[in-house]
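The structures considered in this document are given below.
The two complexes that follow have chain A in common; it is paired with chain B in the first and with chain C in the second.
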Partner chain A sequence: MHDTKPEITISFGPCLPIAAMGLLLSGCVGRQSALAPAGHDAEQISNLFWVMTAGVSIIWALVLGTALAATLGLFKNPTRLTPNILIVGGGVVFPTVILGILLIFGLRLLPNWQSEPDRLQIHVHGEQWWWRVAYRAPDQIEPVISANEIHLPAGQAVEFVLTSADVIHSFWIPSIGGKLDMIPGRTTRLLLEATRPGVYRGVCAEYCGTSHAKMAFAVVVHEPKEFNAWLEDRTSDPNIGTDDPGRKIFLSSGCAACHRIRGLTEIGSVGPDLSHIGSRRTIGAGIAENTPKNLARWITDPAQMKPAVQMPAYRALPPEDIAAIARFLSNLN
Partner chain B sequence: MKNEMAHRHGPDQDDPWIRAAQEARLSKAWETPGGWRYWSSVNNSEVGIWYIVTAFGFMLFAGVLGLLIRTQLAVPDNEFLSAETYNQVFTLHGTAMMFLFAVPIFEAVAILILPALLGTRDLPFPRLSAFGYWCFLIGGVFVCGSIFFNAAPSGGWFMYPPLTTKQGGIGADIWLLGLSFIEVASIAAAVELIVGVLKCRPPGMHINLTPLYGWYVLIVGGMILFAFPPLIAGDFLFEMERAFDWPFFDPERGGDPLLWQHLFWIFGHPEVYIIFLPSIALLAMIVPTFAGRPIAGYSWIVLSALGTGFLSFGLWVHHMFATGLPSISLGFFSAASEAVAIPTGIQIFVFIATLMLGKVVRSVPMLFALGALAIFVAGGLTGVMVAVAPFDFQAHDSYFIVAHLHYTLFGGMLFPLVAGIYYYYPLMTGYMMSRRLGVWAFWLMFAGFNICFLPMHLTGMLGMPRRVFTYPGDLGWNTLNLVSTIGAFVFAAGFLVFVFDALRPKSHAEKASRNPWKAGTVEWALELPPGAWGARTIPHIESRYPAWDDHSFMRRYDEGRFYLPDAEEGRREALVTSVLDAQPVQCMRVAGPTWITLATALCLAGVFIFATYHWWTATFISGLLTLCSIVYWLWTGTGEHPEKDEKAIGMGMTAPLYISGPRATGWWAMFITMTGDLTAFLGLIFGYFFFWTVHDQFPPPDIDGPGWTWPLAAGLLLCGSWVLTYGARLWNARGDMLLFRMALLAAVLLALAGIGALVMGPLAHRMDPTAHAYPAIVWALVLWTGAHAAAGVIMQLYCLAASFAGRLTPKYDTDIWNVALYWHFMAFTAFATTLVIGGFPLVS
Partner chain C sequence: MTDHLQKEVKRETGEGTDLWRVILAPTIWAVHFLVCYVAAAIYCEKAGRMADLLPVRLIVGTATFIALAGLAAVFISLWKVRGLSSVNDDYNYAGNTPEERHRFLSHVALMLCVLSGVAILYAAFPALVLEVCR
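And then the complex of A and B:
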């Protein structure tokens, strides 16, 4: 990471080189930036981007320089051959060579892999507007069910199996790699390898309806050992406070009709799994920090935070009951 | 046609009194109607202006939507617009800019200036232009107006199912039907323009002397013909799914959402070039003028424009790089997408070479042209970047793409267009636009554009996806978005300066002198302000820049020493010439003011608008009224028997007043229309085989097909009808009226029986189109073919009636020529449909 503060250069005119400097300086801001790579693909594509940006800036300056010089009459006494040289050289030879090199370079980065049985598989199922997540390690029988947060081991390739419940979504973690669509009726597969532990942010990249903008998720990259421990922990039930008042209200208010909490209620599967929700970083599919206050806000009126969301509002519940549910959920980990 | 002494001048042209009388007669014939009858005009100079003003009106509307988008995104977590409103706004912004501005403005400008560029007085089918205009106006108001009732489409301008098939309300239907209606207008204009360039060039203008703008119109017209029909086919399938639950895109019942993406982008990518090439065409007229010399590399630019047109049909998959395609497809379409940079580059270097060889005069059009170059080259280069599939995995659907596409559209379309408006403004109005305001407009627009869109490349790389109504404030996008918003408003200010300059009262404006830019092309021979008749005389062309190459050209033009300097019979006339070498083949009488165009457009609007609300009775009645008005239009307004066989057209030549068959414009229009129609049909066939590729077994073994007997019978009957129609034309030409009428009658009966047999296939096998995509696509093909056969029957009956009425005779046989041509295409459609639905299940 750079120590410099992010700085954006406002430039008048398409001065790509200046923009490139702005890009360079701001490379460190994002948890969601394709230019602050924390994954194998993202690194390669980011390098490709910088090389292409440099090349494109030079070509732009050359073409515009020539055009400007031609307009100002700086070419003294062009011969009859000059236009042909310009048209053939600039229009045919030069682009053919450059594009040929670019293709050879670029297309080597195309996905080229087969499924391997000893790889961690993460099945992500897009729904309007959240993510169902299931982990299946090679030796694991029961998948670990979760939602709206993805944990990854650093330095290991993970196979994402992508499907959709309703409309087309697109699974994108800019810091780790490129995106891939989730298409109803199809299964798409994406291989990603995170390289740098940290917390990142993924989003839905394909317009998927009213709250497309509110369909995100947190991505947590661990050291491999840490990850294994985390996954191991997730195979067991969460700690559920037996005398927690929120637990009773959760069950009596009908929350369980849609939400599953391992070891407590296994009926609901319409909404996100809440088994370890207390340990998640965000709620509402990556749209708000996971605090009891935000949880209470969400339960009271989710549509206010995420327009057209399917979950009904629980304004009818007394605020103290909602606060109790929120506290109960916050402790699930 | 006699071709004696082509250059003998009629002596009368020396007499100024005779010339004045000619001008008076021309003026009377071409007079624009006054008062409320003004709206019954069909002449290109009125329709062209309406078209341009309307397209710019929609552009301003869509531009305001763009400003709303930028206002909402100025700061994070903004609540200026609700999510639902924002989604309608961005959908309509893209839809209106693409369908109501970018494509129509090409047609608008071309309708306005093409006749002048070809030295003629009007396009071959003025009423078709007017009809297209009214469709465009009504459809556009319908689509745009929906947002004021909170009913606008909100599925994105690309309308991907299943999002858009699941949406309730009528937004998606407004998009599908409203835009289909406008696409009819687009195709009508394309037919008009193609025939215009091919058949209405002035005598002597061999195809290699055609002004570059004409070439581009030809190429783009052809592209519209092959690009829009797949979308119309897609719209048809889509609306059948929405209205009647035929599951073309529903994976639960054998459909596939990706079919729509293919059909949409087979249209959508060429569309980018359909927008881009006409604007480059304007630059191809402007650059030589201000360089003061002919274009350097005429053949280069024509061939590379053709190359761009061809290649643009092989790139559509690059919009689908993130759908999980196999690497081999990604590689192929990456390479094809890169390849299109080559012909595009050639066109740019031709301009640079022209500038280099000339001595450039500074002017507002040149300023916009250079600005366009700066922006477009940047957009083209980022296009080269996103064509590399792996990079696109990151850039796709991010703000990088938003930046890229706006660079290509502003640089490749808007700036050249504004340059073109500044350039041609004097020709159309007789006034100059202000140089001072022009420079202001340019710098505000240029700076505003770059301030708005340059930062978006970075916003996208920092991970901001497209089509989000808001974003969190902690991802480093805030400053960038605010800067973009400021830029958008600066641009808007610049654009308003331009609009003000164009529309302001002209009392203080500078009057344009004749040929104010000292151009060499023929359109600048017009007097300014131009008379209603357009060209004083239709010139004989021997060079690409007659005003530069031939010093007596202007004088001879003014003295009416070329073709048709008079309107002896008080009729609107223009010349039809042969396709390659532009020999005069006909003196064509073109139509004058009429209300039938508006009436027909209103009836057709009823069909589309009522269907949106599923008011089927009203839809049906409107359809019937549309049919009646078209028949009335044809019966009263076409196939006129002239009062004499031929007339003197000037320069010692005579030309026939009536021709039919492949030499006539009507035949060409039918041919071109049917080519487009065939493309739409092939879109449906593509759908059938697309399902075959995505299913393990297609047709599915558990669903009954239409069998082979009924389709075979249908194919034979319809082909029989075709043979008889063709025979009827020959018998008519031979004067055997009895045989002619018998054959036509038999053809009608065979066609009706054929339609019956066609429907019986799926009907007898109880194929339920809502059960699975297979019966649905079979029914779609049957419906398409059956409807076309029904239209063919109406045409056969029309010819029969015309024969009995004495309108269709061995001498005046245009109608049967064109109907026989229709049936050639019909026969192919019937053959392909029956072969696919009846034959394919036997071999798959």
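And then the complex of A and C:
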């Protein structure tokens, strides 16, 4: 046996992806990032992420360092014992202990469901491709019905009751907490506590059909007082202009067969509740800014904005009528 | 080098390639897993979301104790094979004899035994932490 050192050249090409990742990570701020937490759970998830990233980096460096050292022949006198210690220590004891610690750590993060105080409950029902939302405060008898936007009080744990109408959806507000599946025929529950007031974005995180990627919602976190005022306001009917021309066209065009507007028409329940649509930030489940222009575009041909949508197009209506409906809806709050 | 490979080492560790011996430990693991999960599923379905998990935790504790005792027995019997052979080169399997096959399978079974032990402990951990069904 003769000892020749193998030729090894190290190229820095592989470092490029790491540099690129740095650029990508700078995109991890904003209203839909688990790494810019604004909620109790999101903070834990982000801490866990950083701890694990640091941990795996160290382990990665150790493993590759050892492999590199072995390839370069830096271990001078390996005895019979060294491999055994490496295999049993590094291959059995080390991962068992580390995974055990992670397991216990993870289990301890589970929410404490044992005490069940009276909490604000928000029932969210996933449907291809939008969200029904119903709020029920502890002392409230009639739930407040809404859609496609969720308002939360900061600093209070809120219980989400999640269901689905058709296929599996997944409810996720990355800035506030972890995600949970909505499963047809079952009820799942999620406890979330937002900590920082602001506007965030939630999404459906389970492929659910053609327009899955267009199933999102805005999340507005208020100071508790402000939230209570908001909820109180939603228990009453919206201001409906009685002589608004759009109101008549809305009713005569058959929109009411699918949409509810409190105090005006309460039979339709196929589509989202439009009672306070004028105050929502987005339309079409988070896909477009809520402006009269976008509303008109939506009503004219919703499928153009959201493929396979379950609402018919109203291309037959004269554009002035559509504009009138759009103005009418924009004023509902 | 070559004559080392051909030299057949005489050892008395036994013979036999009974596969049951190899999968006995993983079988204990599988049964333990089923007992824990099925017990929890049935109990919580009957008792409801807010029910105290104590009965399930006791079942899991007992099952874990029995499973680990079983594994210990398996481990000791396998370790004996190793103990008998480790005076010589325990990892020499080049002779292709029944004795070597037996020793090799015992070595595999021993490692599966350790793996099963770790898995059983992991499966039992949640019972230490969780207190109610939901």
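By our rule, the second predicted complex is superposed on the first by the 302 of 333 C-alpha atoms of A that agree within 3 Å, B and C clash if a C-alpha of one lies under 4 Å from a C-alpha of the other, contacts with A are read in each partner's own complex, and residues count from 1 in each chain.
The rule we apply is simple: a residue touches a chain if its C-beta (ideal position, glycine included) is under 8 Å from a C-beta of that chain, and two chains touch if they have at least 3 such contacts.
Note that the structure is predicted; figures quoted are calculated from it, not measured.
Once chain A of one complex is fitted onto chain A of the other, the partner contacts of A:Ala34 are limited to chain B, with no touch recorded for chain C.
In the superposed model, more residues of chain A are touched by B than by the other of chain B and chain C. When the shared chain is aligned, chain B and chain C each come close enough to touch A:Arg189. When both complexes are overlaid on chain A, the residue A:Val92 reaches chain B and chain C alike. Once the two complexes are overlaid on the shared chain, A:Ile104 sits against chain C while remaining clear of chain B.
With both structures placed on the common chain, the touch criterion links A:Thr66 to chain B but leaves chain C unconnected. Where the contact sets of chain A with chain B and with chain C meet, they give residues 92, 96, 99, 103, 107, 110, 189. Looking at the complex, you find that chain A touches chain B at residues 6, 8, 10-16, 19, 22-23, 26, 29-35, 41-42, 44-45, 48-49, 52-53, 56, 59-60, 63-64, 66-73, 75, 78, 82-84, 86-87, 90-92, 94-96, 99, 102-103, 106-107, 109-112, 162, 166-168, 170, 172, 174-175, 177-181, 183-186, 188-189, 201, 203-214, 287, 307-308. Residues 92, 96, 99-100, 103-104, 107-108, 110, 113-114, 116, 189 of chain A touch chain C in their complex. Against chain A, the residues of chain C that register as touching in their complex are 50, 114, 118, 121-122, 125-126, 129-132, 134. Of all the residues in chain B, the ones that touch chain A in their complex are 82-84, 87, 154-156, 160, 162-163, 166-167, 251-252, 255-258, 296-297, 300, 304, 322-324, 327, 330-331, 334-335, 338-339, 341-342, 345-357, 359-360, 366, 370, 373-375, 377-378, 381-382, 384-385, 388-394, 396-398, 407, 446-447, 450-451, 454-455, 457-458, 461-472, 475-476, 479-480, 483.
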